[in-house]
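The data blocks that follow each hold one structure.
There are two complexes below, and they share chain A, which is joined by chain B in the first and by chain C in the second.
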Partner chain A sequence: MLLEVKDLNIEFHDHLTPETVVYDFNLSLKEGEIVGIVGESGSGKTMSALAIAGLLNRKDMKKSGEILFDGKDLLTCKRSELRSYQGNDISMIFQEPMTSLNPVKKIGAQVEESLKIHTNLTKEERYQKAISILNDVEIKDPESVYHKYPHQLSGGMRQRVMIASAMILEPKILIADEPTTALDVTIQAQIIKLLKKLNKQKKTSILFISHDLSLVRTLCHRAIVMKQGYILEEGNIEEIFEHPKEAYTKQLIEAIPALEL
Partner chain B sequence: MTIKKKPNYNFIIGSILTGLIVALALVSLVYTPYDPDAMDAANKFAGISLKHPMGCDNFGRDIFSRVMEGTKNTLFVALGTVAIGTVFGILLGAFTGYFGGILDEILMRINDAIFAFPSILLALVIVSLLGSGKYNVMIALGIAFIPSFARIVRAEFLKNRELDYVKSARLMGAGSLRIMFVHILPNTFSVLASSVMIGFNNAVLAEAGMSFLGIGVQPPDASLGRMLSEAQTYLFSTPSYAFFPGLVIILMVLGFSLLSEGISQKSV
Partner chain C sequence: MRYIGKKFVTMLITILLVSFFVFVAFAVIPGDPALSKLGTEATYEKLEALREEMGLNEPLLKRYGTWIVGFFTGDMGTSYSYDMPVKDMILDKLPITITLTVMSFLMIVAVSIPLGIYTAKHQGKAADKTIFVLNQIVMAIPPFFSGILITLLFGLVFKLFTPGGFVSYTKSIPDFLAYMVFPCIAVALPKIAMTVKLLRTSLVDESKKDYVRTAYSKGNDKNGVFFGHMLKNAMIPVITFLGMILADIAAGSIIIEQVFNIPGLGRILLTSISNRDYPVVQAIIVWLGIFVIVINFCVDLLYKVVDPRMR
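And now, the complex of A and B:
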């Protein structure tokens, strides 16, 4: 098993009374697998994902449980060890391609960032790798995009750039937190296709977070349904769609517009 | 689609004025018409002429040469002041803004306390401890300027550290220092640039003020503020003695202000 999350609880301590936002979260992710996390907004999807990515290390929050990556517990390992996984083995892309790129740095530098941190490649080698990954995410004319600033690109292009910079070291896990929510429908479909392709080609496991069940159905092998911090049900994608156990899941499925792309 | 913008007159005029003043100072490094300190009794209070375009002072020194020299010294002090203020302001603002916590609380309270004093008053205190002279003035004003820069930088860091691009950088395994100085700092430059210009402005005025009071740049070094103070006595007999240094100060301050306005207009 590549990633195993056991009984993860996340508590905020930044108010007078502690507030638990994720209860007993369990997840396992095999190599090459795509698992979806669905649920209404506020159900704790992002918090779980951030915890797995090792991004929830504020002092005012408490996490318990285990996040085992290759057998190593990311919750208790040293900061330096965690950092050596981040970018290298685990990457993440966010919802807003507008804000997830640094506005004052060129695309090339941002795509190469992981290489600068984790490798000793020369400038020329980094450039070659950047161009090749920009090609992989189907950006036309990567040589010119390399020298552009984020504001010169469209939302869809920016999200491709984000995927490129997350994928450049071919991580074992890519966490995608609502990567298409801010994009319009046709671009959404393209990004989903791209994720599928990367998963096939590079054997990257993907944790795909969305509140859009139809996207989850087209992309994922398995899915987890969350509500108010709890996992309601999980299982094979067809099983969940054909025979949902929970009333809430049924509601979510019924809410999908009967429009097929 | 490109929207045609109105030309940024503030920026253009500010650049020209600042450019002229800086050029004057740079030329003074290699050439002044006369030795700025050479006294010539025959030319005492000489009027404006081709040989002495701004006339001569009470010692018969060429005012134009002294204005050039004074501009150089004033700019030099301003540059040093702003450099000290920005470097330490950035360090302080970056660490407090990025890490927050108890260190932030303590440093920012100290900052507020320093900020509460008018910077020239604070500089006076420091100069009285260190002694006068242009380097001490630089240090004194520099220290007095740190809090305002620290505040600006801290606010920018507070804002930026929550943004997704910082999260992505952290996620790629970037360390705190790399995030602070490679990722966030460049995002503060546009705000910083305009406050650096305001800083120059205040530094020029503060240096002139301190030299005017006799605790800034010391003779024989010329300084615009010093010249003004020396010219007081002869204000009615030889108004050009006070007029030209004053004019240069005004143009300098105007140039920096316009430039600062222009920069903040540009970055919108």
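And now, the complex of A and C:
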């Protein structure tokens, strides 16, 4: 098993009374697998994902359970060890492509940043790799995009850039937190297709988070349904969509508009 | 490049406008310069002759034209009180005021930027809280008062410099600079406090932005995120502020020169105002205006360098 999360609990301690936002979260992710996490907004999807990516605040938060990657518990390992995985073995892309890139740094520098942190490649080698990954995410004219700034690109292009910078070291796990929510429908479909392709080509496992069940159905092998911090049910895509156990899951499925991707 | 050209032309026009308004302001101020120059010896004929000689009978626009051309070709007029060229009065004082301004500014930048970063990085810790309190106090002390305190403490108690013992840069540059350190500290202190506060706030605001999370997700450590990502973004408002500060300390040097007995531009400006020596006052004000305008021009250019969205 590539990644195993066991009994993850996440509590906020920034108020007088602590507030638990994720209860007993369990997840396993195999090599090359795409697992979806679905649930209405506020159900704890982002918090679980950030915990796995090691991006939750250290202050005002309490986490318990285990996040096992490579036999190491990411919740308790040394910070430097965690950093050696981040961007290298575990990458993440986010919901807001408009704000997730640094506005004052060139695209090229942001795409190859992980190489700078985790490898000893020369400038020229980094450039070559950046151009090649920009090609992989189907950006036309990567040489010119390399020298552009985020505000010069559309939302869809920026999300492609985010994917490129997350994928440049061919991580074992890509965590995608509602990567298409902020994009319009045609761009959405393209991004989903791209994620599918990268999963096939590079054997990257993907944790795909969405409140949109139709996207999860087209992309994922397995899915987890969350509600108010709890996992309601989980199973293969067919199981979940053909024979949902929970009334809540049925509701979610019925809410999918008839028009499918 | 086109942008720079456009900004440059705007800058020149602004300089001309400012100089024109200053000139008009002095032209309409009540009081006849010819009369005040002659004083009690004035007779009608003498007065008329002098007015003619000083060009006061010409139309305003023509007088402005002659003056501004002269101004930029090195003839800034003649002082009424000292009967010497304004240029000669100003020129050897200029290095003193420039030193005061530039040295204070460098102190502000050199101290406040590391300190701002430090407090932002140690947000909420004891050091941050201590600096916050110190900042609030220092910010509230005007330079003339801290100047008096500094004179008292470093001059009279610790004897690190001789109060009133100004040494001109023509005599000894090291002694001159050594004397200037203390007035510069007085000028810099409140501005340092303000800049630290602004940079800290700016960095803390940046730290909440999405791109910071992205930077951490790539395996950056705290320093990597601070220096590689947040600092440049956080500097954008600070650059504007530093530009305003530079203009402000140049104008504010007048007071601190009085406190520390420094014979700079401020000194001549004050005596010239009380003597109604308008050519001198006018020249100094226009020079200050030009300085402020040029600083703004530089800040605008620097903006473009730091923030690609402004290009």
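One rule holds in what follows: the second predicted complex is superposed on the first by the 259 of 261 C-alpha atoms of A that agree within 3 Å, B and C clash if a C-alpha of one lies under 4 Å from a C-alpha of the other, contacts with A are read in each partner's own complex, and residues count from 1 in each chain.
Rule of thumb we're sticking to: contacts are C-beta pairs under 8 Å (C-beta built on N, C-alpha and C of every residue); 3 or more make two chains touch, one makes a residue touch a chain.
Small disclaimer: the values here were computed from a predicted structure and weren't measured.
After superposition on chain A, the partners chain B and chain C collide with one another. Within the superposed three-chain model, A:Tyr149 lies in touch with chain C and out of touch with chain B [touch as defined at top]. Using the contact criterion defined above for the overlaid structures, shared-chain residue A:Ser64 touches neither chain B nor chain C, since it reaches no partner. After overlaying the two complexes on the shared chain, residue contacts for A:Thr99 are found with chain B and with chain C alike. By the touch criterion stated above, A:Arg83 is placed in contact with chain B and with chain C alike.
By the document's definition of touching, neither partner reaches A:Asn135: not chain B, not chain C.
Once the two complexes are overlaid on the shared chain, A:Ser114 sits against chain B and chain C alike.
Shared contact residues of chain A with chain B and chain C: 53, 55, 83-88, 91-92, 94, 96, 99-105, 113-114, 117-118, 162, 165-166.
Every residue of chain C that touches chain A in the complex is listed here, in rising order: 209-211, 213-221, 224, 228-229, 232-233, 306-309.
Looking at the complex, you find that chain A touches chain B at residues 53-55, 59, 83-88, 90-94, 96, 99-105, 113-114, 117-118, 162, 165-166. Only residues 101, 163-165, 167-175, 178, 183, 186-187, 189 of chain B touch chain A when the two sit together in their complex. Those residues of chain A that touch chain C in the complex are listed here as 53, 55, 80, 83-88, 91-92, 94, 96, 99-105, 113-114, 117-118, 149, 151, 162, 165-166.
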